[in-house]
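Next up, some structures in structure tokens.
Next come two complexes built around chain A: one with chain B, the other with chain C.
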Partner chain A sequence: MKKLVILLFCAFSAQAEEMEVVGNVESKCIVTPDTAGVYGNPTPDVLSTDPTDGGVDPVVRFDVIQASMYKARILYPTSFSESPALNDVVAWTGDVATSQVSDTGMSGYDAAKVEFDNVTEFSLTVAGSTWFKTETQADYGYGKAFPGGVYRAVVSAECIAI
Partner chain B sequence: MYRYLILLLMMSGHANAHEFTPTYPKLKNSYVEGVLYTTMTLFNKRPDVEYYQFNVFDKDWNKVPFAMQDKTMRIKHLEKKKIDVYIREKDRKEVKYICSKSKLVVGGSSKTSISSRICSKIK
Partner chain C sequence: MSNVLPQAAGLEVNNVVYRYTTDKVAEDAMLVHVQNENAQGPGYIFRASDDWSGLPGNTISKAIPVGGIPLDFWGDGSIEVEGFGTVLDPEVYYTYQYLPCNTPQDNPSCEGYIDPLTLIPETEVDTSSEEYIQAEIDRKANLQAQKEQEEKDARDKMAKATEEKVRESLEKMLGLSLGASLQKEQDTLLHNALVSTNYLPRNYLVAISGGEYPDAEPLKDSDLPDNAKGRRVNFAQQLLHQKIVQSQYD
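Our next item is the complex of A and B:
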């Protein structure tokens, strides 16, 4: 009888098992829109995202897990994606710069950036997060007032494997 | 090591991001002779985007012919989708980039007006 109790006890006793936790760190780039841009209208013929003009610069964040595997390419807009009918030329200017970094090693990104047309390229040589702000300004005609309505433009944020 | 851990924890909290992996996809033989394929994964964490467009380019950013289920695909918020991209074997040496681009709806609800594009490279 005693043996039977021991057998039953052994059958139902808890067993220690080793469990595995598996993780995988793979190279990747994540693009995250951080701040929505807003156009200020400091004068009738200008729309600008500059905070001193009453606008908000759009900010986009790039996260890379491994260094030197991607480049960030940011294009400021050269046309409106939505606007009232415009019958004169809009002149676009813009600038892209880092606004925040997660690692001090990224402080050289602005000095090393490459600019052409409306494109700015940054080599993401340090792992971590970088926030880029894009300042744009649209000037309408020769001192002409923008017609009333909603204006939208799209900033393109690209992360390209190198 | 801690830096990577912090970065991973930080990235896991994103609820508004576009992710396209792997960084360096490998082309494999498909079940059709003369056609290669690779499987990409897109994770849509952008609540303001539901459609993504895919493209394949050579080193000079010229379009290279490719096939997939839909070249513009609906991927809902927080959905992860595996995507097979098919390329002709004769284009193997030309193919350099496979890209996914978020499509914003004109006059839609997107508050950011930031279009994101991620390109993986075939080495």
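Our next item is the complex of A and C:
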């Protein structure tokens, strides 16, 4: 008696794949320069962006899509990025405040702002656009006249995720 | 809104953008409504409210999409304040869109524009027909009459102007100001001046003799006898008439 033995071999090929997962995160907070600042020179020893001194306050706009996720950090300048040679001390003062809001709830930002050194922080608790203006003033020496030339300074604005 | 939005057919408003500044005490309650009445019914077609209660004043800038509301619905706009505080420097802008060629006849450059002059059918005129000739004759006659009338009007106008000029020069010469009031002294002076320049016809100055013209004697009633001669003539006339009538049958 013959026995037929059929052996079936099933071949399974072992294979591995790696899949890439891609994500693109776009910031929900956008910082846009709105108005360029201009220094006025009301007296020889003062440079000021105050409109009453002939200057223009720089304005920056923060657009926040999601509320309470970001804070705005704005730094008024403490040095010139460009100026003639200065051989005396420059005293810097400044202030940052909301100049325009897109929601009445943002009107409370000024009362809740945090200030230290030349830094001002605002918690952006309302979705929408907020315009912040920065007043900055530079006093040279002790009533000493600024040398003639071009002066530039930088206001820094950044949006930080909380 | 007719003075704000262009009255273009098919115009739709997409967004309302507004900005204003509030001046208020932070603790006060204040509600600001930016609104437009519904021109097609009661209420408002657009109304945005900002609650400033318990907040310090600031400048607010908002852009609100309204989703293409047709022009016909936009009534008068206003900013209403409830509570305490004032609104300063308000500005409201409307963004809109419309199809310039929504009605092709609005602009000759639109596709589908039809020149209205092409729609007027041209009629052929038979210049040899009697009607045409008569119409031409009438037209020329009318033109001639019109021209004559114009010339006559011009002559009348010139005559009137000359008369006015003479009158004015006389008034100036006499230092008068006649105007509406015809005072006796001024009239007398003017009359004398007109007489002295022979402006008035001489027969104006001829005196008519006056006096009394009594009625004539009236006829008294009496017995008037018949006129025998008149009767005979009358009879002769009758006979002649009968004779003539009879002659047509003889």
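Quick note on the criterion: the second predicted complex is superposed on the first by the 135 of 162 C-alpha atoms of A that agree within 3 Å, B and C clash if a C-alpha of one lies under 4 Å from a C-alpha of the other, contacts with A are read in each partner's own complex, and residues count from 1 in each chain.
Going forward, contacts are C-beta pairs under 8 Å (C-beta built on N, C-alpha and C of every residue); 3 or more make two chains touch, one makes a residue touch a chain.
None of these values were measured; they are calculated from a predicted model.
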| item | value |
| --- | --- |
| Fit-or-clash call for chain B and chain C when the two complexes are aligned on chain A | fit |
| Partner chain(s) touched by A:145 [first = chain B, second = chain C, both, neither] | neither |
| Of chain B and chain C, the chain that contacts the larger number of chain A residues | B |
| Which superposed partner A:112 touches (first chain B, second chain C, both, neither) | neither |
| Which superposed partner A:129 touches (first chain B, second chain C, both, neither) | both |
| Touched partner set for A:89, first chain B, second chain C, both or neither | neither |
| Chain C versus chain B - closest C-alpha approach in the superposed model, Å | 6 |
| Overlap of the chain B and chain C footprints on chain A, listed as residue numbers | 102-103, 129 |
| Of all residues in chain A, those that touch chain B in their complex | 25-33, 35-37, 58, 60, 63, 65, 69-70, 81-82, 102-103, 127-129, 150, 152-162 |
| Chain C contact footprint on chain A (complex, rising order) | 98-108, 110-111, 129, 131 |
| Chain C residues within the chain A interface of the complex | 19, 50-52, 55-63 |
| Residue ranges of chain B touching chain A (in the complex, touch as defined) | 3-4, 7-8, 10-11, 14, 16-24, 45-46, 48, 97, 104, 106-107, 111-121 |
